[in-house]
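There are two complexes below, and they share subunit A, which is joined by subunit B in the first and by subunit C in the second.
Let's turn to the complex of A and B:
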């Protein structure tokens, strides 16, 4: 083997080892759900086990899992839709505007995203209490949208700025309205940016438990909050928790893997 | 400059009317998002800033005494808050440094664009997508001294404190640094990889042709040219790490004692459990100030690095 091929093999082995470090902890939690309780913490750890659905049965017995997933879906999709509706036009306008204010406003949105969640939550909690939305899905959707539409605006701002305006101008010359040029020309060509934005909005809202914990009532709780309360409950084993964690982690992990191209774009574009 | 609005093709009728309607249209598109963020973000924050000047507790609403900067004095004198400030800085600086080193190494390994590396990148990014809540639970389960897979062997081997790494004041913060590093190193690697891929390949090839070793290329070309990307990644991660809440809340809740108390965990405890709105708002504002300060220093560094490279 030449030194070069050896080098490549070494790099690949190193990457596989690194991959294991990043995947094993999650894989371990998920496998606990397929073991019987006695096997989960057995010493030495069992590599081979007969899969069992017991943990899933007890998870379904303790929790109304479908209603938890439904809450999570409503909150994350709801805030993603609102964030895109607000953020895509704003990002476009800021990218196309020649006013000096535009870039400043874009940075204002970037700064909003850096506000710590807890710091935003405390006064927001009082606001929701005062206008009577405390306890509803709306409260969680509204605060997620506040942080996420700032993220979408910044992201779409950088997307549209990289997109030459020639097509829109050609459409305008052909008698297209301003809105038509935005909606039928600019928006379709920024599709990948919008998919990336939506992906991140859904992920942020789905993975949040702080806002949902303090802003929703029991019947509107999403899966993340259920996981947290399950953790503090005596009767619930790690296996049951692992079963519950399937519903919390797998949808997002799958989404990020399937839409990996957009995920990578979003993660690198969201900062630069 | 008026003709900035002119089209590249010069085909658009450029009457004053056009400019005015274009401006109005763009203004209308941007306005909803701006108004939304002001109403649901800035106004509550401003209100929080106002509350921070009062001894305001929701459980006794009639006794909101004006204390001026009293709450802020308390942030810097109260032992729990001082521990939180120190811990937050230690957590951020040590964690982000580790993530930078590990992330850079992984980015270099992934630099070559082939199928194997793209496959690895997709799966390495999984920790980033897992909710911090589950990440906290996983590590808590694994590190428990009595039953955790890792914790059991550590305590059997006499390594580390008997109560488990997360329950001992001398180790708990370092475990949290390790958990944060596990979760966010992949993101750091991804951002740095994007930087590596935008390096001018001709310069690197010319250096190779001139007989530069791999180490020389790294130290004299890659590293200096990567500085802007490095600082950008640092800005992002420092701001994120500084407002850490989820993993601390789930694993230790700030304990044992104040060993893992961070600013956001303390603010949540004061504001959302004890309803000390005034004090919690003060902690929140101090955190925002610290973040703004750290971000400006790092952004100045980005600009400096950019200037050195582009010779401007």
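Let's turn to the complex of A and C:
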């Protein structure tokens, strides 16, 4: 074996080892759901067991899983749509602004995404209570939109900034209005940026626990909150928790796998 | 189709200090005319073009397109078509949709769009590429699509902002002729911006030479070359650039003559002769091809020879003549050489070697005389 091939093999093995360390908690969580309750805490832990659907049965018995997933979907997709509707035009306006304050304003929007969730939660709770949206999907959609549209604004700002204005100017001379140039030329050109933004919005909202915990009631509860209730129904039902975690993890992992190039684009966009 | 008139038009960029990008521009572009705006970068030529398009606000003065004051018209209300240096093709649309975009936005019926796009594509030999996206085209094809997008609309005017500068030299030469042909065929008023004086000289009916936001001279290409109005135009137009030499007007046996170092040239009958009193300091401009090798004349030594095939470009040192650098760029570049050299173009068959002592003569009629203080032609 040549030195070069050996080198490559060594690197692959090192990568594999690191990967295993990262995947271990996930594997642990998932295998928990496929074991019998008696095997979950067996010492030493076993990796060889006969798969069982018992934990899924009890998960379905205790929880209306489809309704939980539906809530999660409505909240994450709803807030992503709203965030894009507000954030894309805002980012475009900032990117094309000739004001010296434009860049600072864009970073101010990024800073909004960084405020501690709890600090936003308290006034938002009172606000939602007063306008009667507390306990509904809308409350969670709106608070996620508030934070995520600031993020989308910043992200689309950097996307549109990287886009030469010539194409929009060509559209203007071709007969478009300012809005027409934005809608027909700038928006399609920034498609991948919009997909990346939407993915991040969906991910943030899907994984959100705190807002949903305080702002929803049973009928609007998403799966992230339900995971905690599995923790306290009778005792700590780890197996049920593991089964439920499947439904919370798999959709977002699938999305990341299928659309990973947009995630990478989104994550590296500011660096270019 | 329309006449375009700049009436004392100025542009000052916000935050750009006090310097105006364009200063009190007066220029009338006649209906159907091909006018080239040429000048070094930052001279305001692109700003002037973008003001016609409506992409830049006009600070003061009046711009009229087809008799209508256009200062506050939106670009789409001016009905002009622009070709950008970057081509600015819409990346998400096919060639067909790129070309038909302007017609579609203006609500033309689909059948008419199809017909016009097909006609224009045939004219530009783009028919086979109509369903491709711009990313799948070569540079030359993209350039033709950008042209097609403008041609398809039959607008009031074509505006072209350095449309050939992203092409390689061979293609640029072809497209130069092609654009000039298309413009004559369509007879649409055209304003063409370039920093390339070859494009300026070969394409335009008239050429406006700009520098520092003002027009230095507007004239037919030949007239710019033969009768430059000032030192800037004289040194900007012409490749290789004109030679500038400091000299003094003298009277020799009652006849006006120009003394350039040890060499004197009889100015009798020269167009500027009347305004030349003896003792006056002048800058003389002599084109490289106006010089000829002679038995008697300005002494010079060949320092460097470029063989261009049909001609030789001689770089000569003439210690006895006072050679003036022709441009700011040259002034900087000349810092590391001893002094500016003379450039002389001679026939390719001439037998000359580096280090050879030569004598240069020139026909006094080919002499351009300028005032050293104002730079204006005498």
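FYI, the second predicted complex is superposed on the first by the 266 of 272 C-alpha atoms of A that agree within 3 Å, B and C clash if a C-alpha of one lies under 4 Å from a C-alpha of the other, contacts with A are read in each partner's own complex, and residues count from 1 in each chain.
Here, a contact is a pair of C-beta atoms (placed from the backbone, for glycine too) under 8 Å apart; a residue touches a chain by one contact, two chains touch by 3 or more.
Predicted model only: the values in this text are computed from it and were never measured.
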| query | Who does A:100 touch here: subunit B (first), subunit C (second), both, or neither? | reply | second
| request: Could you tell me if A:167 is touching subunit B, subunit C, both of them or neither one (first, second, both, neither)? | output: second
| message | Contacts for A:126 in the overlay, against subunit B (first) and subunit C (second): which applies, first, second, both or neither? | response | first
| request: In the overlay, work out which of subunit B or subunit C sits against more residues of subunit A. | output: B
| request: Scan A:247 for contacts with subunit B and subunit C and give back first, second, both or neither. | output: neither
| said: Output check: A:211 vs subunit B and subunit C. Expected answer is one of first, second, both, neither. What do you get? | reply: neither
| query | Touching A:176 in the superposition: subunit B (first), subunit C (second), both, neither? | reply | second
| message | With both complexes superposed on chain A, which partner does A:34 reach: first (subunit B), second (subunit C), both or neither? | response | neither
| message | One more residue to check, A:185. First (subunit B), second (subunit C), both or neither? | response | second
| remark: Shared subunit A footprint, subunit B vs subunit C, residue numbers 98, 164, 166, 169-170, 172-173
| remark: Within the complex, subunit B is touched by subunit A residues 11-12, 14-16, 18-19, 21-23, 25-26, 28-29, 32, 41, 43, 45, 86-87, 89-90, 92-94, 96-99, 105, 109, 112, 114-127, 142-143, 145-147, 149-150, 153, 164-166, 169-170, 172-173, 178-179, 182, 203, 206-210, 214, 224, 227-228, 231, 238, 241, 245, 248-249, 252-253, 255-257, 260, 263-264, 267-268, 271-272
| field | Interfacial residue positions of subunit A with respect to subunit C in the complex | value | 98, 100, 164, 166-167, 169-177, 180, 184-185, 188-189, 191
| field | Residues on subunit C engaged by subunit A in the complex (per definition of touch) | value | 14-15, 53-55, 74-76, 78-82, 84-86, 88-92, 101-102, 105-106, 149, 153, 159
| Residues of subunit B touching subunit A in their complex? | 4-5, 7-9, 11-12, 21-23, 25-30, 32-34, 36-37, 40-45, 47-48, 51, 106, 109-110, 116-117, 120-135, 137-139, 141-142, 147-149, 152, 182, 185-187, 190-191, 194, 232-233, 235-236, 239, 242-243, 245-246, 249-250, 263-264, 267-268, 271-272, 277, 280-281, 284-285, 287-288, 291, 295
